[in-house]
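Next up: some structures, all given as structure tokens.
Across the two complexes that follow, chain A remains constant while its partner is chain B and subsequently chain C.
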Partner chain A sequence: MLKVENLSISFRTDEGLITPVEDISFEVRPGHTLGIVGESGSGKSISTKAVMQLLPGNGIISKEAKILYTDKSGKVMDINKLGKKGRAIRAIRGGEIGMIFQEPMASFSPVYTIGNQMVETIRLHRNVGRKDARRIAIGMLDKVGISNPEARIDQYPHEMSGGMRQRAMIALALSAGPALLIADEPTTALDVTIQAQVLDLMRNLQRDLSMGMIFITHDLGVISHIADDVAVMYLGTIVERGPTDKVIHEPAHPYTQGLIKALPSVDRLHDRLTPIPGDIPSPNERPTGCPFHTRCSKTIVGLCDRHQPQILQVGEDHTVRCFLHEKQGRATA
Partner chain B sequence: MSPDMTDMKQPDDQPVPSRKATSGEQGGELLIEVKNLEVRFPIRKKKLFSSETAYLRAVDDVSFDIRRGETVGLVGESGSGKTTVGRAILRAIDPTAGDVIFHTREHDIYLGELEGEELRHFRKKMGMVFSEGPHSIATMTSDILRAFRPRMSLVFQDPYSSLNPRMTVRDIIAEPLVASGMMKNREKIDERVRDIASRCKLNLEHLRRFPHAFSGGQRQRICIARALVTCPDFVVCDESVSALDVSIQAEIVNLLKDLQEEMGVAFLFIAHDLSVVAQMSHRVAVMYVGKFVEYAPTESLFYTPRHPYTHALLSAIPTIDPDETFDPIRLEGEIPNPLAAPSGCRFHTRCPYATEQCASAIPEWQEVAPEHFVACHRVAEFDFSRQRKDAAE
Partner chain C sequence: MLRFTLERLVGMIVTMVLVSMMVFLIMEIPPGDYADRYAFRKYSGTGIAITEADIEAIRHDFGLDKPMVLRYVDWIGNIVLHGDFGQAFAFETDVIKVIGDKAWLTMAILFGTLLLTYLVSIPIGIYAAVRRASAADYGLTIFSYLGLALPNFLLALIMLYFANLRFGADIGGLFSAGMADASWSFAKVWDLIKHLWLPAFVLAWSAVAYQIQTIRATMSDELNKLSVTAARARGVPETRLLIKYPARLAINPVVSTIGFDVNRIFSELPIVAVVLGLTELGELLLNAYLDLDMYVAGAILLMLTFVIVVMNFISDILLAWLDPRIKLGNN
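Let's look at the complex of A and B:
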């Protein structure tokens, strides 16, 4: 339903052109969840913002990039060609592709009631009257588990607690009936018990509405419970992509392996944590060759620092960008 | 089921002589005693012709202790009062009732008794920590403060907002020394700053730079260096690693553990992430709406939790373990508003095992196993033990 090919994103800045995302490809199938994991600065958020043409003014999407989206009526379109303005992209934002952000307080306007904002969204994307829109909104709030939705709908965002606000945010995003939902760190700011509730809710709603979903997070634990497929990003490239089970339990890329080893666990109280050495380089001084070679313990000198590895297939739907798999895998190209 | 505290040390421990005897083992030397601590904040509600004052009990009757060189983890959901406990121990907030006793090697200090001039001095010197600097004593007025030489410090969550962008890293780290008047000789200050910076694995070349040139992980290391530059006995780490990426988080956790080994400092490690707390702490306390519900050695808390709330929290951690089915206990509803805290056991509104007794009577804080404290009426009926995964180790 969404197929992104060779997406690169650049920003014009005072220090010249910076390319935080380079040549990434991924796809989302209807009813499935794609998880995108990566450290801060790896480009996971802006890649999905590019999908909705929401980059700031100085952002440039590469010309050769294809963002193919199949809408509800089955029509295929290239979002990259739609431009940032106009009727077509506005119909996609919200109506076809919904979005949830990390901080729900920032996504609601503080001066309108929750219901006011939901009704506005619903009426923008669906051809219904005010009364019907309100009925749909109440039904949605009920669906996301907000008790007493008839009263809650007339409350302002500040009157709700964090977990409830995040649920209202989900209800808002879903009220326009999107076919694809992009969730950008939706549970990061929540407590574990509330996080468990929200993850539960999102899984159930996805099943009921057979919606596609992109779930961005830095928490591998969360990913392993919600995503069908995972893409691991490092410095603007996808270093590994595949079914969640495979990527988490048989990680092929040294970076993925490092991330998993660095996770603290309540089952290993005595083990010392093993961080990935070094810091993530800034995108304007991206290393040559494989971007991870400066921190990788298995760097092959003369190869990894000079050449960009190809995408190699290491299993069914499981690809990795690393020279270590050159012999085992075969170039997909 | 007796907690095996000697196990808490890492296998590859290099014992540091100064710490060996005081490494948070059972019966180690007491550092801080908190007795029946209570913090209330007045909340004024304005009405047309009158105003009503309600009290928010952020911390209600909390008692625990911290030993020299040990890490006590404090977990709980947002709004449970974790930060307030940390601040009240440092006396950055005035406790409404109760005592915080700071055991120095010579005297016991009752923080609650410090008043007026003494308290002002104590507060001024809060961000810092003393060792045997000759100048430090001269700046203090009272005997109590004089005895209160080794001190406490604080590391915050956000390494971006807690560093002054207009100061160099060297000046930031040196500030507690300067502000306390503990060191006046510039060369000595430089020497100390370089020593602590290298312990915190900062590049000494970078000391002349400004904070904006550093990444989140490096900034947090600067914050830690600043907190430790005066060699404190006690540091509160308030969500110090929560905002960091996993690999940097692992680095900082290791660094804090190493520094504890080397310097024998005790930490109160406040976090909402239980797995990080499990890695860091010798003992862990669980808070719920202003009260402690459980306090136990890390092993006991994670493998044999006794309170239903602890159990629910543990079950909600998403792990990547394939053998473990993720089936969080669904707690109904939200954390109650502390302004209208439930009667009896505060958890009874969400507890799946609540009875009538739970709604009416406050459960007693009882020791159910050595060092293992729980506040629950039905504690005898529960067994939430989990299978150990690392039993072989």
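Let's look at the complex of A and C:
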């Protein structure tokens, strides 16, 4: 339903043009969840903002990029050609693709009630009156597990608890019935117990509404619970992509392997965690060659630091950008 | 909201009572009283010797010999119950008659200035923030620094000069010749509006410059808020989005300083009024003090502070309406 090809994103800054996202491709299948994992600064958030044409004024999407979206009526369009303004992109925002954010408090306007913002969204995308819109909104609040929705709908965001606000925000994003939901670290700011509840809720909602979903997180543990497919991002490129099971159990890229080793687990309580050494470089100091070679334990000197690895197939729907798989990859491809 | 309004209303009344006491005290501070002044005026140069007893008699005639507390109660009681502000000694008539039209004209200048300030600065400030770092934005910034740097009496002179030169218009004063003494009619109000724009422009000038910068700064902050991106991600059309989400919060600092603006206009008005030849209360207040004509001074001070207190009340109510967190935090 969403197919992104060769997406690069650049920003005009005082220091010149920087390109935090370079040539990424991914796909969301209808009714399935794509997880995007990566450290902060890896470009996962702005990639999905680009899908909604929500980049700030100095952001540029590369011309050759294709953001192909199939809408509810089956029509295919290239979002990259729609531009940032106008009726066509506004119909997609909220109506076709919903978005939820990490900070529920900050993404609600504090000066309007939950209901006001929901009714506004519903009426923008559905041809219904104020009363019907309110009825739909109450139904949606009920669906996300908010008790006493008839009263809650008239509350302001600051009158709710953190978990409840996150539920309300999911209801807000879903109120206009989008076919695809982009969730940008929706559970990161929550307590672990509430995190599990919200994850459960999102999985159930996705099944009930048969939505496609992009779930952004830096937590591989969360991905293994919710995503069907996963794309691992490092410094603006997708280093590995494939079905979640495969990527978690047979990680092909040294970065993915490092992420899994760095994951705390109750079974390995007494082992020390193995962090990936070093920090993620800033996008305007991107290393030459493979962007990960500065932190990789398997760097091949003279190759990884000079040449950009190509995308290689290592299994069914499982691809990786790494020289270590060069021979093996060629064999299967 | 009703409870919040009532609370603020009670607060306003308490403030007014305290203010009226302070105003009365201020009236008492200058040494001597109108009885001295009256005796001096009437008898100086006549050769008649005045004794302390004569002045006491005058004082008694004017009712100035009663204790201060009693006089305060009389004064405020008459104002509240009968709208009677007392005697204007120097004019030998009621204070109301002396102040009368001047009060209304001062109010007209005040509200004209406020209206002009907000109608110009709010949209321009929002525009500058939305078009941040564009040529228009830089142009407006230069204009507003100019606005802050130029003293308004100088601006008044420049305006007067150009208005006369270019349009041959007589725009000094608040009315055309012949209209000033006419009774109130639609034609006179129109004449007033035609004259009002100049003092309003001069007085609004620096406030506009200042408020553009304020709005530009707060609006820029608000535009970067996640809630704005979130609203955009729901497909809210851009103009409606700007007004509904960031602008509503961005005008907060402007609304909360309405009282300061009123205060500033009152302090700057007298000097502008002198340059432009306006009739307003400031000059009268000064003369009343020189003459120790205390009830005139008191009435003017009371009116000005009353306006400031009322405008602060309105600003509180507007703030609570703009941002519901304010009244909810209060309860």
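FYI, the second predicted complex is superposed on the first by the 330 of 333 C-alpha atoms of A that agree within 3 Å, B and C clash if a C-alpha of one lies under 4 Å from a C-alpha of the other, contacts with A are read in each partner's own complex, and residues count from 1 in each chain.
Throughout what follows, a contact is a pair of C-beta atoms (placed from the backbone, for glycine too) under 8 Å apart; a residue touches a chain by one contact, two chains touch by 3 or more.
Computed from a predicted model, the values in this text were never measured in an experiment.
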In the superposed model built on chain A, check whether chain B and chain C fit or clash. fit
What is the angle, as a multiple of 10 degrees, that the CA centres of chain B and chain C span when seen from the CA centre of chain A? 80
For A:M52, select first, second, both or neither according to whether it touches chain B, chain C, the two together, or no partner. second
For A:F323, is the partner it touches chain B (first), chain C (second), both, or none of the two (neither)? neither
Between chain B and chain C, whom does A:A176 touch in the aligned arrangement: first, second, both, or neither? second
Looking at the overlay, does A:G94 come into contact with chain B only (first), chain C only (second), both, or neither? second
Who does A:L220 touch here: chain B (first), chain C (second), both, or neither? first
Give one of first, second, both or neither to describe whether A:A106 is in contact with chain B, with chain C, with both, or with none. second
Looking at A:D279, would you say it contacts chain B, chain C, both, or neither? Reply first, second, both or neither. first
Between chain C and chain B, which one touches more residues of chain A when both complexes sit on the common chain A? B
Tell me which partner A:L124 touches in the superposition: chain B (first), chain C (second), both or neither. second
Contacts for A:F26 in the overlay, against chain B (first) and chain C (second): which applies, first, second, both or neither? neither
Compute the least Cα distance separating chain B from chain C in the superposition and give it as a whole number of Å. 6
Give every residue of chain A touching chain B within the complex, in rising order. 39-40, 161-164, 191-197, 199-200, 218-222, 224-225, 245, 248-249, 258-260, 262-276, 279-280
Residues on chain B engaged by chain A in the complex (per definition of touch): 7-8, 10-12, 77-78, 215-218, 245-251, 253-254, 257, 272-276, 278-279, 298-299, 302, 312-314, 316-322, 326, 328, 330-331, 334-335, 389-390, 393
Can you list the chain C residues touching chain A in their complex? 225-227, 229-238, 244-245, 248-249, 322-325, 328
List the residues on chain A that touch chain C in their complex, please. 52, 54, 85, 90-95, 98-99, 101, 103, 106-112, 117, 120-121, 124-125, 156, 158-159, 172-173, 176
